[in-house]
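Chain IDs A, B, C, D and E follow the sequence of writing; residue 1 opens each chain.
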Amino acid sequence: MPGPKIGVYVCHCGSNIAGKVDMDALREFAAELPDVVVSRDYKYMCSDPGQDLIKADIKEKGLERVVVASCSPRMHEPTFKRACQDAGLNPYLMEMANIREQCSWVTEDGEAATQKAKALVHSAVNKARHLEPLEDKTVPVDPKTLIVGGGIAGIEAALKIAEAGKEVYLVEREPSIGGNMAKLDKTFPTLDCAACILTPKMVSVAQHPNITLLTYSEVEKVEGYIGNFEVTIRKRARSIDEKLCNGCGTCQEKCPIKVPNEFEEGLGMRKAIYTPFPQAVPNKPVIDRENCTYYKTGKCKICERVCPPKAIRFDQEDEIITEKFGAIIVATGYQLFDPSVGPQWGYGRYDNVIHGLQFERLSNASGPTGGKILLKDGSEPEAVAILHCVGSRDTNYAEYCSRICCMTSVKFAHLVREKTNAKVYDLYMDMRTFGKQYEEFYNRVVAERDIYFIRGKGAEVMQDPETGKLLVRVEDTLLGVFREIPVDMVILNAAICPRPDAQEVAQKFGIQRSADGFFLEYHLKLEPMKTANDGVFIAGTCQSPKDIPDTVGQGAGAAAEALKVVFAGQVTVTPTTAEVRDTLCSGCRICIPLCPYNAITFDEAKGVAQVNEALCKGCGTCAASCPSGALRAKHFDNRQLYAQIEGVCAE
Amino acid sequence: MSETKTKDAARPKGAGEAKPDFVFFPGCSLHSTAREYHDSTVQSMAVLGITLEELDDWNCCGATALSSADSLLSYALPARNLAMTQERGLPMAVACNSCFVTLNRVNALMETDAPYRSKVEETLKAIGRRLDGPVEIRHTLHIIYHDVGLDRIREKVKRRLEGLKVAPYYGCQIARPRHEFSDPEFPTEMDDILEAIGAEVVRYDRKTKCCGGALMTTKEDVVLELNEQLLREAQVRGADLIAVCCPMCQMNLDAYQGKINSRFGTDYKLPVVYFTQLLGFALGLDEKAMGFGRGFVPAGKHLKKYA
Amino acid sequence: MTQAGSPKSQAAAGEGWEPKVVAFLCNWCSYTGADLAGISRLKYPANLRIIRVMCSGRVSPAFVLKAFHEGADGVLVGGCHPGDCHYLEGNYKTLKRKLVFERLLEQFGIEPGRFRLEWISGGEGDKFARVAEELVKTVRELGPLGSTAERLGRADGLALRAEGGGGNA
Amino acid sequence: MPEAKKKLKLALYWAASCGGCDIAVLDIDEKILTVAELADIVLWPVALDFKYKDVEALADQSVDVCLFNGAVRNSEQRELAELLRQKSKVMVAFGACACFGGIPALANQFDRESIFRRVYDTTPSTDNPGRVRPQTKLSVPQGDLHLPEFYNAVYKLDDVVEVDYYIPGCPPPPELVWEAITAIVEGKLPPKGSTLAGERSLCHTCKRKKEDKKVTAFHRVHEFVPDPEKCLLEQGIICSGPVTREGCGERCLNANMPCRGCFGPTPEALEHGASMLSAAATLVEGKEEAELAEVLDGIVDPLGTFYRFTLADSLLRIRNKSLGLEEKAEEGEEAAS
Amino acid sequence: MEQAEAKTLEVIRQDAFDPAKFLEELDAFPGVDKIKNCMQCGVCTASCPLSHEMKETPRKIIEMIRAGMRDEVLASDTMWYCASCYACTVRCPQGISMAEVMYALRTIALRTARNLSAAFYKTFSDTVRRYGRMHESDLMIRFALRTNPLSLLKMGPLGLRMLAKGKMSLSVPTPIRGAKEIGKLYEKVAELEGGA
């Protein structure tokens, strides 16, 4: 019985594939396979002329199936599906063989690669023979976007979407938006103050009619899929009536409880009722119930007494908000590496060993010292050491480069010199000044008086037990000598790390993490904001360490991705779902509890299981457990997979 | 460590009925220069309910000296001890830091580096022995800390060494390269044990800085310098004595203290004792049995008030 | 790497024999991980051929048997790490099947090293390459398994009429 | 039953099987008389004395129907299968052994040598000091004696000859046998290659109450008396009903015993044993590997459980090691000692 | 900083060195790997208690190895200062076990070296071979005899005090029961190493 007419298209991908795999041999091999009526190779099959080859053959030779041997289907499957569709062939009758990522790029030997490519093409042709036409379905998209994380990435994304006229929910865990950037003093390379450039954006977020700002809130649950995410958000009780509160701050003045302020990185204090910093948005306090005397003992209520508009609400409860969203942007930021993990650096052991964000707070005019760089005892340091790569580029901790530390160090050196008379020693392994105007900035600072750059990694910070001075030990690797540098303050430029709850967040949003723990983008270069979960995008330092310009760029980029979804108004959902063949189903009900989406139900009248295709995501788990073979995973059915197995195993 | 072990340790032992908890590898020093370490370790652990059985016919682990002289031999020699321990079917306890690191080095090899591993196995085969994978090797300090536990130590203390200021000096090879201790550079296990027996532990930042070890033989000048620094910090921090857990450290700091004083014009009189001597003493064991008299710098005056 | 074996040499454990390994990879994690190995230009033996499924949960144990039946010498199933499944928990289903299936394979006399279930995330290109390398190495050491037809042929010299059996697909 | 113009010529053969299938033919009771009216039996070793040469003498295609029961274990059975195929218009694989290898095929976990060692050497009742083994050829003064060759594996009938119809079951239930005979007589046969039983799985006709399935522990039948109203799988008993073709009349289920799968897989099931294994394993709830393993270890002997009747029909067919004969011999020795 | 002595720049003719060969030689030692990954950060040097005594810092030794300067590396004093404290090893950001590198260098150097350290390690090895265990007095006396017999006099006072404290014994040590095994072990090692 003659099978469907199959055309095979082998792509050279320039030399990416052709440089390893013998194109002629592969093309000829494919031509010999049963049902193959045409087999061609071409330099770039994804190019217009390449696609035209396929289209012409579909029309002229009446092809019924198309096999493209090229890159990963994750790359160009949509391209070739479209080409088939344009030529009148159902796009689900196209199958790809991945002979680049999984063959030419990973195989040393050309002959072996050719052999493997043949097997992969054979497998694809086998599967193609059994393919069936499927129709895409579309579902409407909710026009709202959810943004998780109110740092600069989330803020940027929210504003862009709002300004484009679409509705945004911005959810932030802390009482104020602003993220880590709000803690910074000056920003490199221009040295403008972070607050000066960030605060206006924060205010715009609060004021924009298209933005619903939910601070002190967390996403609890995410269900659904692109265009139709159903999200549960817990808005924690601030214990104040936000409508009545005018942000006067009287409560904070009078509150008797003092606790370390997280925002000040342990260097300053706050009250039990507080806004984390003066420019907070919204500028309304929260009561930290863990530390508030009233919640502990039932007494106090001073804030309630002093509040002019009577806005304190001790009995306020958490609010649960459920909302539908078309797209989600995750911008949850980073966590600084805890340098006490490596006690050799002295952090946590010596008072005047601080990390980068602590220095930012010291240097910040609104910080605990009013912008003065002071030692713990209140005196000014005479010498300061700055250590790069604390935890970064270190297989003991984080293997990757944190990218911003070199520039931050240069900035710190400058700020120390600007505000004190201290000598500055900057201990670097390599100076990586990769951004626009960064090298220029470095060149400026390097020339400043009493700033000394030493090429060598700070190995250890000791204290002279007699003088109390800190001793930094380093090899000056350019001289090949050992140096012990006495200083009063050590600034550790610690690594940018994934947040400690990154795994939990990743699971909640159905995204993955790369080996370094950051969220995984769909494609490192070409799809940096997309994730494997359609409709969920990532931006900023939750994806990898970044400076502010890059973070802002990604925030805007993610906004574009989200807008693409919500403006389209509808999304295509895959027709590759499961189906029950009624005449084969005996109603054993094994499949029903297997479906995580509850897409399978039991039809009592017919005595068979049935699949709700709108709910089914097409994982095929049910098909693999259906003993009688009544459940079929469309596009990945038993016949197709058996044929593929035969193909890869054939000689 | 497993709970079972803790239970075992706590279990009262009738005469002869109990299987020992560990095979004990004393190492050469504990049989010669560091006999007080040997005696105080075995005796105080017995009080704490841990029985050690000396590994029969053990041989020198080769120390780091052999690692430097002959790579294969430096694995083969300690491997014989591990093979015999495996035959005995018990985990191994080690008190000497140098032995500890050397034996662990073989363990590490047993888990990795296949081609070299088979070479070592071949040498064992030549003497009719074999080693199947790594052997559980425990430092006695770690056993006391984990398997006995601080609570049990506190319970058993007869003489609380209240007011005795001790600088805990671990040496380098106990926690490095990376063993079972809390941190390779700033372990705290000995600190906690000393506190549990009532002593005041002084801050000692050099707690794992090197004493120079065997280099005292070949590079005496510079090694004396290292030891001078170690003594200096202990003195500055106000320590009455230094507690150690390694025979080499003890020897360098104690036996050479006089030489250091004459070289650097200092006047250190810091007794250097094994932590187990203090532990045993606190547990009520006899001062003499703990071998306090064997040190070059006498420790007696600091212990008088507790006796 | 020598070449992936010429048609005839594979039948017997001759010098030219090259193991065949079939890998069923889930689209979201392991297939992406394999793509990442490619993008990173990591090298691993060409003996391993990938079949894409949407979820490791789709991999019926029969697919694995089918691969061995067709002459595969080793089979890899790759899924997302526990908790990371794109379909919430398909990989747990795979794990459950594996726990019984492994014992079945052993009863069939398939050495444990020939079948592997691995959790490989989209970020673990290096792990994928390592697993591929290890699996091919193991299978190479175990030697050829041969297709069912070959094995029966070796057993009784019978050329079976309807080679295939079992598979109703 | 309509009057046939000409009497059918019927052959029945018994290969590697217990003989139950032959009895099953008699189980159609008084209808056997109708059969006798309708058909001339040309071969039925269990009941009538025919010699091979009588069969050889028949003209090709002269037998209308051959009901072949039993699997193919040795060369004699194979030769007969081939001979009967040659002489018959319609070849029916009759019973689970002919269809899928049946119980005898469980021996595919062992090769000839280890079976012989067990049977001729190591069973406690064996007294065989000379370690005498069956030989295919033995010369005696009177001439050469031949015995059939015992194969390393058990084969199903369609491995060696083309089969036109399959009647599964251990043994096939009388109703099915009668239906088949009727269909043959009436010439109302489905397309060749068909199985003369239902298309869905046994759950379709099983009357037990079924709910959404979740299992917390697996049990074996001797461990407790299951609720006769409830699905056995839901009670933790491995029942192959969901994967096994319907048509048996639920004889086992009615006796409160689980289906063991003698009707073989449904037409769209991938593989009888593996499919049931896959289904059974996923019924267990939980995510912790250690806990799961504990529950799933309750499924003892997966091969014997899931391939009880269909090992010769499986994808892998035989235990791989049964091929390296020497290697196997050593193993057998160990097992024996 | 000390004033560096004026010195002409060294010229290295790279074709005189074979870095790959030296790396291979070191690669044969277990635990010696990743040398090529060294970032030259100097943490090893700065962590070393004795690096200030060395002519070449540990970091520089790695770079010299990578340049293939075998003779120069083996002639350096760096490895003889290693006290096996492993500070470098635990801190190395690339996970290089510098201590193992030092052991390897010593082992290679000992095949030809004739310095004080070499004598010590050889004596040590001999003692263990003889008795199966180490005996300080025996070791020290033999070491002194091998190197500088006069040093025995210098060691005298300490030795006497050690004797007095029972920390040393002058009695002739008895070999362990398994001394024969130890001997065989040495022989086998020699046989295997000889092949190498």
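Note that a contact is a pair of C-beta atoms (placed from the backbone, for glycine too) under 8 Å apart; a residue touches a chain by one contact, two chains touch by 3 or more.
Note that the structure is predicted; figures quoted are calculated from it, not measured.
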(message) If I drop chain A from the contact graph, what connected components are left?
(response) B, E | C, D
(message) Going by the touch criterion stated earlier, list every chain that contacts chain D and also contacts chain E.
(response) A
(message) I need the common contact partners of chain A and chain C, sorted by label.
(response) D
(request) Determine, using the mean of C-alpha atoms as each chain's centre, which chain is farthest from chain B. (result) D
(message) Going by C-alpha centres, which chain would you call the most central?
(response) C
(request) Can you check how far apart chain B and chain E are, centre to centre, with Cα atoms defining each centre and the answer in Å? (result) 23
(request) Averaged over CA atoms, how far is the centre of chain A from the centre of chain B? Could you give it in whole Å? (result) 48
(message) Please tell me the distance, in whole Å, between the geometric centres of chain C and chain D computed from their C-alpha atoms.
(response) 30
(request) Would you mind listing the residues of chain C that make contact with two or more other chains? (result) 60, 62-63, 66, 89, 93, 97, 167-169
(message) If I count partner chains per residue in chain D, which residues reach a count of at least 2?
(response) 266-270, 275, 278, 282
(message) Which positions in chain B are in touch with at least two other chains?
(response) 185
(message) Judged by the touch rule stated earlier, which pairs of chains are there in contact?
(response) A-B, A-C, A-D, A-E, B-E, C-D
(message) Quick check on the complex: what are the chain A residues that touch chain D?
(response) 581, 583-590, 592-594, 602, 607, 621, 624-630, 638, 642
(request) Within their complex, state which residues of chain B touch chain A. (result) 183, 185-186, 205, 232-233, 236-237
(message) Could you list, by residue number, the parts of chain A that touch chain B in their complex?
(response) 343-344, 349, 462-463, 465-466
(message) Under the stated contact criterion, what part of chain A meets chain E in this complex?
(response) 344, 389, 393-396, 429-430, 455-460, 473-477, 479-483
(request) Provide the residue numbers of chain D that touch chain A in the complex, in ascending order. (result) 199-204, 210-214, 231, 233, 241-243, 246, 266-270, 275-276, 278-279, 282-283
